[in-house]
Amino acid sequence: MPLNENEFRPKIVAFCCNWCSYAGADLAGSSRLSYPADVKIIKVPCSCRVNPMFILRAFEKGADGVILCGCHPGDCHYSTGNYYARRRMTLLFSMLDYLGIEKGRTRVEWVSAAEGVKFSQTMNEFVEKIRSLGENVRLGDLRCKN
Amino acid sequence: MLKIAKTDLPALFQKIAETKDLYLPIRVADQVNFGVYTQDADVSLETLKTVKSPKDAFFPQSETLYTCNKTENKISITPEELQNKEFVVFGIKGCDVKGIEVLDKVFLSEPVDTFYKARRDHGILVALACNEPEESCFCKAFGIDCTDPKADVATWLVEDVLYWNPLTEKGSALTDAVKDLLSDADDSKVKEQQEKTKAIVEKLPYMNLSLEGWNGDVLTEKFDSPLWEELYQPCLACGTCTFVCPTCQCYDIKDYNTGNGVQRYRCWDSCMYSDFTMMAHGNNRNSQMQRFRQRFMHKLVYFPANNNGMYSCVGCGRCVEKCPASLNIVKVVKAFQKEGGDK
Amino acid sequence: MQELVNRAKELLANGTVQRVLGWKAGDMAYNPEPSYFETEADLSDFVYDAFCGANLSKYMIEASKKEGKTLVFLKPCDSYSFNQLLKEHRVDREKAYIIGVGCKGKLDIETIRKQGVKGIEEISGASMDDACDTLKIKTIYGDKEVSYQSAMLERCHVCKGKDHVVYDEVIGESRDTVDGERFSEVQRIESMTPEEKFLFFQKELSKCIRCNACRNVCPACSCRKCVFDSNKFDSAQKANVDSFEEKMFHIIRAFHVAGRCTDCGECSRVCPQGIPLHLFNRKFIKDINEFYGDYTAGEDIDAEAPLTHFEFTDREPNEERG
Amino acid sequence: MSHRDYSGKIKEISGVNPYKCMKCGKCSATCPSFNEMDIKPHQFVSYVLNGDIEALAESKSLWKCLSCFACVERCPRDVKPGKLIDAARQIVVRERGGDYLSADEIPELLDEELPQQLLVSAFRRYKR
Amino acid sequence: MQRIGVFVCHCGSNIAATVDVKKVVEVVSKEPGVCHAEDYPYMCSEAGQMKILEAVKEKNLSGVVVCSCSPRMHEATFRKAAERAGLNPYMVEIANIREHCSWIHKDMEEATEKAVILARAAIAKVNLNTPLKAGESRVTKRALVIGGGIAGIQTALDIADAGYEVDIVEKTPSIGGRMSQLDKTFPTLDCSACILTPKMVEAAAHEKINIYTYSEVDKVTGFVGDFTVDIRKKARSVNSDKCTGCGVCQEKCPSKKSLNEFNRGLNTRSAIYTPFAQAIPNVPVIDRDACIKFKTGKCGVCEKVCQAGAIDYNQQDEIITEKYGAIVVATGFDTIKLDNYDEYAYNQSKDVITSLELERIMNAAGPTKGHLERLSDGKAPKEMVFIQCVGSRCSDTRGKSYCSKICCMYTAKHAMLIRDKYPDVNVTVFYIDVRTPGKNFDEFYRRAVEEYGVNYVKGQVGKVAPLPNGKLLVQGSDLLDNKQILKEADMVVLATAIEPEASVRKIATMLTASIDTNNFLTEAHPKLRPVESPTAGVFLSGVCQGPKDIPETVAQAGAAAVKAIGLLAKDKLTTNPCTAKPDELLCNGCSQCANVCPYGAITYENKEVNDHGIRETRRVAQVNSALCQGCGACTVTCPSGAMDLQGFSNRQIIAEVDAICR
């Protein structure tokens, strides 16, 4: 897709666990399953490494959406990491809702190493959702806007 | 002496706000603090004590000093603009006016703080005399007459009328600007209220707090007192007392990385905090007792020592009301009195 | 109250405890302060009345480091905090002699002032001995009456209960103070539109002065060094600069105490700007109860904490909520 | 409309991606009307792929399909030839004489025996 | 501040076709800390690596960022190159501008912009990298093979032959697996048992091999080189040491109505049984669900007739805990359930069978003693139809999306064998494609057509319907003739899709080995590391990794064995240095981190600390870096940030976040 000056290009951070989702993203790549360039992936060892502070930090610094991808429950490389991540994110997302942050700016998706298609689909959907929500204003730090 | 009906105050505010920024006590989410006037602001002149003092108007809780921007390999520095528009602080109480005098000692003596000075030069203080002081007030202990505030303009709210008396050139200029709304008045009602209020002041428990024995010469004696070890115990090391205080002037300077550059800002600091004046070698006050002692020694000993006996407390009583552990400067002074008496 | 003083004297005298942690009478009717008492004579200043809202359990972290035992007076709700600290190895049970004290609801001077009371000289009806329903307040501006119930702290209206979860002995009677639904305010916010929610919290949090009173009084915020004071996350900050900073601070603070907060309400009590901070913690408590089953932090020291535990069948984060 | 457009229209109406077809022939194997069809169900897919919609439109098969959906049910690749046929029908029907159903006409058409279902599907098919 | 070198790889045209690598070099060279930036066609080549070496030396670099393919591909390569240059290998970060950028984006401007941002994130991270040193851990010189089929047997034999101890855990009463159920094998038509049995015997007799049959893996802890495994030896109710394998108990057992699993349930067996005649060990087990003694307390016939006194009704499950350096998974496959395929009438007619059932029917030890006959009435069939791809290549939810790979060949085998043995039987095969890559495979298939007259029809069967006359009406298509075929058949054989054995999910979870959506175990790399799981020390053998035939399975079994041997041959392993590390001065001692650690790597001790002059004894967390696997669960649980993860520290991740969001 060519760059269009007027089009809203969201900044999206995707935290991917090393064992499943990062590999899933690799597979999406080697299968040439495209998704928007707005998504930038940060590799973490496990979804349980993702601190809520990282997510808020991303929003603070101007991200419009943050997605966390990990192994499917039951398939965590470290056995239990994604279960903890699931609870943490459930509570965090619920709190963000409570504070009036638009639903859908944050998401968790379980993507296995074999799910290149799912990875690409997920990212396409997520970017679409963020585009529909528009720029993140409520969780951004004004100082980063200029 | 001039006057304006209370019902005409919105018009007065409107008029001032046309050409100047206007700060006055505004209620937001059930708390009254000084804020910028807007037409739909919930102005509350009846509030005796705003939660924070109005010192923000001259020394904001945080302010950017300059911004560095990076483009490729070049860095450009943009200093923050100094205050260049006049503004009015309306409804400031006598104690808080005195608080600003304390800040002046710090920021206007060499080296002059240009940001502060610019604000002082452009700021006009319209003080409002107190008529219902409370039990936590002890301004009189510092020689302040809450019924007769010394500002650019002094005002009194008596029943449905605001009495207006310009005291300085700045005050007169402001008066000229709004004179259409003011009319002449005699000061009998004001005098009457002042007398009544003074009588109440006499009855308030803290007003006659004795500061005997607190001056710039008692440094080691007070510093070494074993009392501190006892007094600090309930202190939670929060910054409430310092942040509501009209005279606390300590700040920290920090950088914020915006991604494309750095904003250097200063923000209030609190001597109650464990990282206060943290330096490379560590911290020069590493126990809460030392930090607690610092605050009171500063207000009652160090500051008078350097400023011709002027205390850096004005008896507003905010810390008395807000301390989560019910500690405060009055309790400290009284504790030393008791100790002295016991001896 | 005298019973408490007598018992404290006994325990000091027989060497069971080295010191007493309680409340010392203030110079006004409503400002007692937490204090240590080391001798019988010191105890002449001891007070326990309806203004002794301060939760002493957090002071036990430091007291646990001192020589010998400390006698501490804990209200029913404080005992939950103590238990939670015990679970986290922050206090030493062996160093504490706990007397559970009765509670008839604690009073909030701010709430009294909000009812137009100023220039307070004396307050009667706040002692533990008189079971007054009305507070008689003598002020410079005349005598006032305020109902006890209307002057209570928010937390007392939705009290967890008047049973102590940890103690060596219990002295004094309590009375039921519950007259509200604990989660009703949370529910009210939940039912708002996102815009309304945002506005509500924006307004409340815009008052925050980052004085850290909420954090420093919180028994769950017992970190030696808070992340907002350290450079571990590049997140150290002292004062609010951008409105987001308070949000970050309050969200993360609530998250850090999620599953650990006993809802003691101290954060809301001490906030100089009257921000209802308990609404953050209570939201997490409500979510935890709903998502993972009822859990009361500090109730059972051996219970699995919600955030260090999981079930295979836990709900998914993206699930529609509320 | 060009053939390509028709082809796209069919894909749009049916929601089917004919490229998924692996040419196994299970649709034709399963079709009860197979013998009456000139273009067999499995061929339908390649006709759509090739954009030869004219031939489809003229084909007898279009009206021989019973819409039993056996092929839809059994297709291992989710291609669902039955839906393609149905889509082709709709295109033909919509095109013919431009005679559409409007909501105003419905009251006249009502009679007691008429199942609701029919009305709804007629409306779906014949509306503009 | 580091001195960072950035190296941008073209990957031939893989990256350079979509990412303007020159532009990336130009932009990132202006990033703070970057003192060298260049591009090169193939960074992973020796010459490319030399670029890193030279730059590190010339520019005195302290950190390296390589913008290239996925770190899963070449991170190790570039770390080694950095090490050769005298740099700590953990001072290297990879920006994945191929899989995550050039391969998925088409627009050059957009892809270049993203590549720059990914590079910036890597630069921001390297700026905060610290040299890490890998630790060492011991290797237990013993391997565990899970599954005793041909894959497991071959792997075990190969490892044992190399001189290492091997345990095989097999959940059924005998080793042998699926291959023992087959009659003949393609394309040579050897008798399956004839080639398998000697292997089974060899394994049983091997002094280095220990076989646990009727046993399952209960629990796995530890990590590469040092796994601890609990093996549950299920109660056999027969003392293996005493049993002579005479078989009298099975003859006399009065409960003979249990379905015979080995014969795919086509006939029955006694409650005390060995699955098949050549079973190893030749020791029966009592099926306690079927045994009258266990059900009613009365009977005890087997105990009475057993001369050796081997029957032991009181035997209990036994847990054996053993340490292993390597684990090979060889759990094999099963055929899928056909409940969702009503159109083939499998559940309605006994004469519709799966190919594996046909194997048993054709086998002399099978339910029909090797005679081809209809299971409904015992009559010899005259007309047989084979249907290919039943449940394979299905993108709907009923079947499997993959090709089961072996069906084309075994169907040709079945057709050929039937035509050979019963020339009067007509055989029709409905196929979508005939896939015969493999040595002598196509020739084999052509022989079935050309020499044995098997009728191959290009088309599928849509419906099989039992007729009142006992026959089966097969309705299929012939796509070449554009006809619909209606055929009355006596038997229909379904080439049913295969899927991994159901127990593999549980095993994968225990091993923390990843599995794909079809439950096949994932390999560490689909091309370059096909027999290793991404979980270190876990290897894959046979169909558990993906469909394959016997020769492929054996080949992979050998490959897995070699990988395991390669591991066992080492005395020590270097461990992952990206482990959790507590800051003792910040630690509250709250134990929350220890509660979430899946490895029990966190302990607490009372320690004297000096916190900026305050000396006191505190309860602080300690991490055993040999046990820590670096998941990071503890780091998020820790409210004060005292616990951090080396290589993925809070500040590093935040720096990446900042770089991306700026």
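All chains are identified by letter, namely A, B, C, D and E, in their written order; residue positions are counted from 1 within each chain.
The criterion applied here is as follows: a residue touches a chain if its C-beta (ideal position, glycine included) is under 8 Å from a C-beta of that chain, and two chains touch if they have at least 3 such contacts.
Just so it is clear, the model here is predicted, and its values are computed rather than measured.
**Q** Hopping along touching chains only, can you work out the least number of steps from subunit A to subunit B?
**A** The distance in steps between these two chains is 1.
**Q** For everything except subunit E, show me which chains still form connected clusters by touching.
**A** Drop subunit E and the rest splits as A, B, C | D.
**Q** Quickly list, by label, the chains bordering both subunit D and subunit E.
**A** A chain counts here if it touches both subunit D and subunit E, and no chain qualifies.
**Q** What is the chain whose Cα centroid lies farthest from the Cα centroid of subunit D?
**A** The most remote chain is B.
**Q** Looking at contacts between chains, which pair has the highest count of C-beta pairs?
**A** Ranked by contacting C-beta pairs, first place goes to A-E.
**Q** Closest chain to the protein's overall Cα mean, using per-chain Cα means, please.
**A** The chain sitting closest to the overall C-alpha centre is A.
**Q** Suppose chain centres are the mean of their C-alpha atoms. Which chain sits farthest from subunit A?
**A** Farthest by centroid: B.
**Q** Taking each chain's centre as its mean C-alpha position, how far apart are subunit A and subunit D in Å?
**A** Taking the mean C-alpha position of each chain, the two centres sit 41 Å apart.
**Q** How many Å are there between the centre of subunit A and the centre of subunit C, using C-alpha atoms for each centre?
**A** 37
**Q** Distance between subunit C and subunit D based on Cα centroids, please, to the nearest Å.
**A** Taking the mean C-alpha position of each chain, the two centres sit 70 Å apart.
**Q** What is the distance in Å between the mean C-alpha positions of subunit B and subunit C?
**A** Taking the mean C-alpha position of each chain, the two centres sit 30 Å apart.
**Q** Send over the residues of subunit B in touch with two or more other chains.
**A** Residues 256, 258-259 of subunit B touch two or more partner chains.
**Q** What positions in subunit A touch 2 or more of the other chains?
**A** Answer for subunit A, listing residues that touch two or more other chains: 51-53, 57, 61-62, 74, 80, 84, 88, 141, 143-144.
**Q** For subunit E, jot down the residues that touch at least 2 other chains.
**A** Residues 596, 637, 650, 654, 658, 661-662.
**Q** Please list, in label order, each pair of chains that touches.
**A** Chains touch in the following pairs: A-B, A-C, A-E, B-C, B-E, C-E, D-E.
**Q** Sort out for me which residues of subunit B touch subunit A in the complex.
**A** 256, 258-259, 263
**Q** Which bits of subunit D are touching subunit E when the two form their complex?
**A** Touching subunit E from subunit D are residues 20, 22-31, 34-35, 40, 42-43, 70-71, 74-78.
**Q** Which residues of subunit E touch subunit A once you look at their complex with the stated criterion?
**A** 70-72, 96, 98-101, 103-107, 109-111, 113-114, 117-118, 121, 505, 508-509, 512, 514-518, 522, 534-535, 578, 596, 598, 629-633, 635-637, 645, 648, 650, 653-654, 656-658, 660-662
**Q** So in the complex, the part of subunit B that touches subunit C is made up of which residues?
**A** 28-31, 33, 48, 51-52, 61-62, 132-135, 200, 203-205, 230, 233-234, 236-240, 242-244, 252, 254, 256, 265, 267-270, 273-275, 320-322, 324-327, 330-331, 334
**Q** For a test of understanding, state which residues of subunit A touch subunit E in their complex under the given definition.
**A** Residues 1-3, 11, 13, 19-20, 22-23, 25-26, 28-30, 32-35, 37, 40-46, 48-54, 57-58, 61-63, 71, 74-81, 84, 88, 112-115, 120, 144.
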